[in-house]
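Each of the next two complexes has chain A plus one other chain: chain B in the first, chain C in the second.
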Partner chain A sequence: MNIRLTGLIRKEFLQIVRDPSSIAIAFLMPLVLLLLFGYGVSLDSEHIPLGLVVEAPGADTSSFTAEFHESRYFKTFAYTNTRNAVQAMMAGKINAVIVLRQDFARQLRQPDGAPVQLILNGVDENTARIISGYVDGSFQNWLEHDAAMRGMQSEIPVRIEQRIWFNSELRSRNFLVPGLIAVIMTLIGALLTALVMAREWERGTMEALLVTPVSMSEVILGKLIPYFLLGMGGLALSVAMALWLFEVPLRGSLWVLFAASALFLITALGMGLLISSVAKSQFVAGQVAIIGTFLPAFILSGFIFDINSMPKIVQVITHVIAARYYVAILQTLFLAGDEWQVILPNAAALVLLATIFLGLTWRNTRKRLE
Partner chain B sequence: MQDTLTSALEASRLSKTFLAGGRRITALENVSFRVRRGVVTGLIGPDAAGKSTLMRLAAGLLIPDSGSIRVAGLDATRQSLEVQSSIGYMPQRFGLYEDLSVQENLDLYADLQNVAIEARPSRFGELLGMAGLAPFVHRLAGKLSGGMKQKLGLACALVRQPSLLLLDEPTVGVDPVSRRELWGIVYRLVKEMGTSVLLSTAYLDEAERCDEVILLHDGHLLDQGSPESLREPMKGRVFAVKAADVSRRTLQASLSREPGVIDALIHGDHVRVVMEGQSPPASRPGMEISPLLPRFEDSFVTLLKGPAAPVHAVTAQGRPVSATAGPVIELENLQRRFGDFLAVKNVSFSVSQGEVFGLLGANGAGKSTTFRMLCGLLSPSAGKLRVAGVDLRHAASKARAKIGYMSQKFSLYGNLSALENLRFFGAAYGLSGKQGSNRIAWALEEFSLSEIRDAVSGDLSLGYKQRLALACALMHEPDILFLDEPTSGVDPLARREFWRRINELAVQGVTVMVTTHFMEEAEYCDRLAIMAAGEILTLGTPSEIKASAKSENPTMEDAFVELIQAKESA
Partner chain C sequence: MWKRILALTIKEFLALLKDRKGRLVLVVPPLIQLLVFGYAATFELKQVPYAVYSEDRGNVSRDLLAAFRGSSSFNLVAQLQNEIRIAPLIESKQVLMVLRVGPNFSADLLSGRTSRIQIIVDGRNSNTAMLVVNYAGTIVKQFNGTWAASQGSGMPVHIETRAWFNPNLESRWFFVPGIVGLLTLLVTMLVTALSVAREREQGTFDQLLVTPMSPVEILIGKALPGFLIGILEATLVTLAAVFWFKVPFLGSIATLYVGIFLFLLSAVGVGLMISSIAVTQQQGLLGAFFFMVPAIILSGFATPIRNMPAIVQDLTLVNPMRYFLVVLRGTFLQGMPFHLLIPELWPLAVIGIASLAIAGWLFRNRMY
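Presenting the complex of A and B:
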């Protein structure tokens, strides 16, 4: 390595050590985000408050409601009439109401069957869909029990035997934490580099730097290498927390995880450098990095929100979000294993994006002030 | 070819424009000149003259629109890497990494300049000794004083012996003592190493220290030559005028209206007059006229102004200020501490009505802290402070209604138009309805702002900005005017016009308080106090202060430097 590049790298490390804000972005932020999302956010639905209105209690209705009392998914509240239950739902005390009408027992054995009313609070459509699914499941269970009790075969010819793969306990943490690593790496890669480059412009040190015989590739490498190492440090911290604090299983191999992360980090650094070649104040660079890289990584990467359920046009947009490919690789590596048919195409997309970002940076950054 | 080899830098028909806010701004237009080898060439001009653009073009940081610039025979645009290997460049803010130590900054620039490891210890020793930084090698650059930063920046630019040294406004915001030291270093370089130096500055007095000067104004080359040759045509045209019976301000006002007078400027106890020809201004009884040696500024002003034009009289304020008995500003043992640090130590002085009082000192001397306390923006830690008869510790807002404030940064709203700024400041001071619109009409008329009333103030030239800022500060007809470095960087004509208004205000009874580190501006004051390290070193009229200096025919700067050095050695 030449003397100019080592000089630049040494300078960058000295600055990182002396400036607590870089350390904070690289290590404190992952810590806070992981703790927040690992413990604070859970997409699992358990103990959903459910209102039960039984207009004419009897043996059949008790066996029906018992199915819900016993379920770990529901916490039941009994109401004597529909009006009270609806009021409770309005007040936000319960999320759904099941109404068994007066003629439930009588209609039950009739050929048409007994009507059961389910009222759902659809404000949060995701939760509503989950509740509806759980109610269906409990209802099927009850039908089978009921038939078995009466010594009859279930009338349903097909039975679903559920097996949940990859995340058999259905812990949302298991898929949130790997996705979160992608968000953290975006922050370190793009936000940090954009900020430190803009700082050089703002403080006038870039001008002094450019007048030395240093080449632009040395300036760019002088930023890439230190922040790459810093980012890998942040990654190591996040992976360690994922494995030992949150007990997320790692079914793939660690070296693939680090290789894929290195690739993504280079892409993110490329984004950061590209931003700073345009935005020359820390304020603007920070804003652009947050809106252009962090938020898309958060929302459009499939980290929390499923890409397949997004509108078509948004799905198309997600293809330019580097975090999307990295999230796919991370979730596969942690929960499924070294599945090359997932990893390779996503890695290829990352290589392509990294080339584009770094290439644009190369083209945009000239040894000039304009 | 021979000719090219002898010049360190050569610009031919150089033009450069910038796009700012959708408008094309001309920074340099058709500029041609040569910089000789082995001498100090000064690039002199006010802010926005095009000095930095020229420096950056020479360093290969900008591409000219047309024309070319060659450094030691190499094209600075096309062969920028070769040029950059042979020059040393210090940008305006010195280009230092503030979170790196003195040694680490030197190491970095030595790495970037490919200085051989073996050669470093002796080179660093030499540079640190020259800059007087040897005891501070492990101090962070951000913790150095302004003067020390400047010298470290210079050391970094010199880490590999350059053949051409480009210094972009190296003396801005630096105290006079450090300025002198920098000039000492520059001259040693030229003498011992034969380095060619191009140095830009807005201080006209620095031109006298250069071997050769290039005068820039509004992107145009005004003149080039040695300071003596530029002063030559002014010989016998500069006079000192004193009058026993009238004040300096009245004398200046009447002299500036006389035919044949190009420039009339208050300078200490006399008025300095530059004439169109060799004859002195018409003498009246009681007037004492003596010839003066021309200064560089005289030639610059003459070049800018062209033939003498009569100056229109100004009526700065609508009403004369009602007379007050006793001092308008009174400080007694004023103190201000920030934590353990005593920024202002036992400062006492008083200013009477209609007086122009200056506070002179380097950055960090305590001027701004004193000033903020006077404006009621900062409360004193101890001592008494009365402004306009009001104790600021108890009724700051009452006093503030009588105060106008204008700072060097021209605290205008850059994205509002001139008129909108006037309206806003009028409203902020509680002017409404007829009174408000009267004052706006007055400001537009008085400061000749009508033609630019709808222009976005951020795009205005420095001179207009300064006028607008002063108009805003005068909207509520204050009794006291505070000026914080009001004319730093503006061209000498704008500075003269500004001070003509200030003088007019003073004549009408407005009390004016100025802070400055600009020695020339100190000469315009009735009395001034020189501050250093939070204390007042001396207080008196400009002539009294100059008379206290030991050197012969001392300038204000000589007196200042002597005082600071005496204080440091004590």
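Presenting the complex of A and C:
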């Protein structure tokens, strides 16, 4: 290998080893983020605090409320009247209130049926929707039990049987952890590279490099190679944690995972280099990297929020977000398997983006001063 | 004393605003974030692509399928004629759900037995899958109600659901007040986390320490710019939330500003703490980042704190964002009066004063 290039790479490695913050991004960050997300973030609601108001307790009401006491989704709290319950909901102690009015027993099995009021705290609308679904589930169970007790057939005309593929227990960890790998790789690739390149400009060491015989493509390669290796190290750590600590299944093959990740890492490095070729101070480069790469990887990649539900114009923007393609590949590889129909088009998009970013960087970074 | 503090504050503002890119970075990115977050961050699903595989030829099943087709939550992309096509459609992500109606559907229903339909859902994103199941459940529930009524039997109990504070369950009403907190934190932290680190990197901090200024004066001078910019940022985003995103604001403005003031104490305090530990700007930036990501994730911004394991829930007690979000959503959506928010406000004050005190101590005691 070219001696100038090896020299640059050696220098970069020394800098990485001597500045703990680079190592922090590459290894500590994946660790912290994965632990945070793996343990801290969960969309699986269980033991939701639910207020029950029974205005006239009796055998009928207790058969109804028993369904909620027994459900693992709810933790019930009894209130004597609706006002107290609603105040508790206002203060955030409970998330929903079920009210069985005075006339519950009398109205029960009348043609109109007994009205049961469900009051949700709508501030967190996602939780509100989930609660409403769980209440319906408990309600249907009660209908069946009630009919069985009275020796009748079930009173529910149509009942849904659900089959959830790829993630039958609906563990949110199973999709959060693979998606998070995309965020981590974006951080290592784009943020770290943008910062180290901008640092050379800011400290004036880039000028020193420019007067040496190294060519610009050697400078770029000298940055690409060390951080590529660092990124792959971070990836190996993340995958190991995903598989053994969080027990996310990997149904696709490991080599496809690493190949796709290498492709994405090159794209992310390209973004980082491009940012630093435009923004030559660390403050600006850091800001641009966070806003241009990290936040989109979080929000516009389909990692948490469904892309198809976004407004059309935002959907168009997501097409230039590299993380979008990588998240699709990751979630499919981990949970579904080697589905080439998903992997190939997304990989092709990554190749295209990588070419564009690296091409622009190469064009932007000439050996010249401003 | 105040003259010296004023001088330092002016100098800090000059350092921040002197170059064009630095100025742009303070204004443009928060605006972009507000728009992107405001429009993209939603858990609602629209037009879920689905396919139907129906083996039943009766009229009743046609009514049920029409109910799905008429819903704006679902978008029919394929009618399947045989079972083997189900798996490829879901695996390749062309549909999120396949609705399967068995051959006996109409017959069961007409003879008074419970009919079963099957939904097969792509579980790769478990939250989306859960919502799809819920949406399908709502449609079937309505169908059941109409069916029972048409048979003259009626259900023994019917549930009336009311969502308070957000009657149409709009995702945006939940996220946009949170974004006020998120952007205020982001901008304030970036401004303060780099302020001391920049001086250390350039060696001018030592000079500052040998001036007649006392550490308290330096602290105030360094804290004020972040504070003012934070208040400005919070005001801007709040205005955008109310007038652009049309999120209702029911509470009192004074209560909101007490919350913003106390929150900024903590944000500036933590920012200066990080800044005085950092030796270079890169470390300052990364430190801010290391604080912000957990602060946002463990604040209840997107996922409820209640879902976290008990030990992580205890950890969130020192997170200023956690309290600020309750204040924001409380004043925006719930119109919570001041006295109900006191349990959120006093921890903010404690965290703020403690972090500022530590930052001031670090100024003096960390020298290289």
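Here is the rule we go by: the second predicted complex is superposed on the first by the 369 of 370 C-alpha atoms of A that agree within 3 Å, B and C clash if a C-alpha of one lies under 4 Å from a C-alpha of the other, contacts with A are read in each partner's own complex, and residues count from 1 in each chain.
Just so it is clear, a residue touches a chain if its C-beta (ideal position, glycine included) is under 8 Å from a C-beta of that chain, and two chains touch if they have at least 3 such contacts.
Note that this is a predicted model, so its numbers are computed, not measured.
When the two structures are aligned on the shared chain, A:Leu31 is found in touch with neither chain B nor chain C. By the touch criterion defined above, A:Asp19 lies against chain B and chain C together after alignment on the C-alpha atoms of chain A.
By the touch criterion stated above, A:Ala105 is placed in contact with neither chain B nor chain C. Legend: residue contacts after superposition of the two complexes on their common chain; A:Ile356 is shown touching neither chain B nor chain C. When both complexes are overlaid on chain A, the residue A:Gly204 reaches chain B alone and has no touch with chain C.
When the shared chain is aligned, chain C comes close enough to touch A:Leu118, but chain B does not.
Touch criterion met: A:Ala279 reaches chain C, while chain B stays clear of it. With both structures placed on the common chain, the touch criterion links A:Thr212 to chain B but leaves chain C unconnected. Ranked by how many residues of chain A each touches, chain B and chain C are led by C.
When the shared chain is aligned, chain B comes close enough to touch A:Thr6, but chain C does not.
Residues 19 of chain A contact both chain B in one complex and chain C in the other.
Those residues of chain B that touch chain A in the complex are listed here as 18, 56, 59-63, 80-81, 84-85, 87, 89-100, 104, 107-114, 140, 153, 156-157.
Across the interface of their complex, chain C is touched by residues 19, 21, 24-25, 29, 32-33, 36-37, 39-46, 48-49, 64, 86, 89-92, 108-130, 132-133, 135-137, 139, 142-143, 146, 153-168, 170-172, 174-175, 195, 199, 279, 281-284, 286-288, 290-291, 295-296, 299-300, 302, 304-306, 308-311, 313-314, 317, 328, 331-332, 335-337, 339, 341-342 of chain A.
For chain C in complex with chain A, the touching residues are 19, 21-22, 25, 29, 32-33, 36-37, 39-49, 64, 88, 90-93, 109, 112-131, 133-134, 136-138, 140-141, 143-144, 147-148, 152-167, 169-171, 173-174, 190, 194, 198, 280-283, 285-286, 289-290, 293-294, 297-298, 302-304, 306-309, 312, 326, 329, 333-334, 336, 340.
Residues of chain A touching chain B in their complex: 3-4, 6-8, 10-11, 14-15, 18-19, 203-205, 207-215, 367-370.
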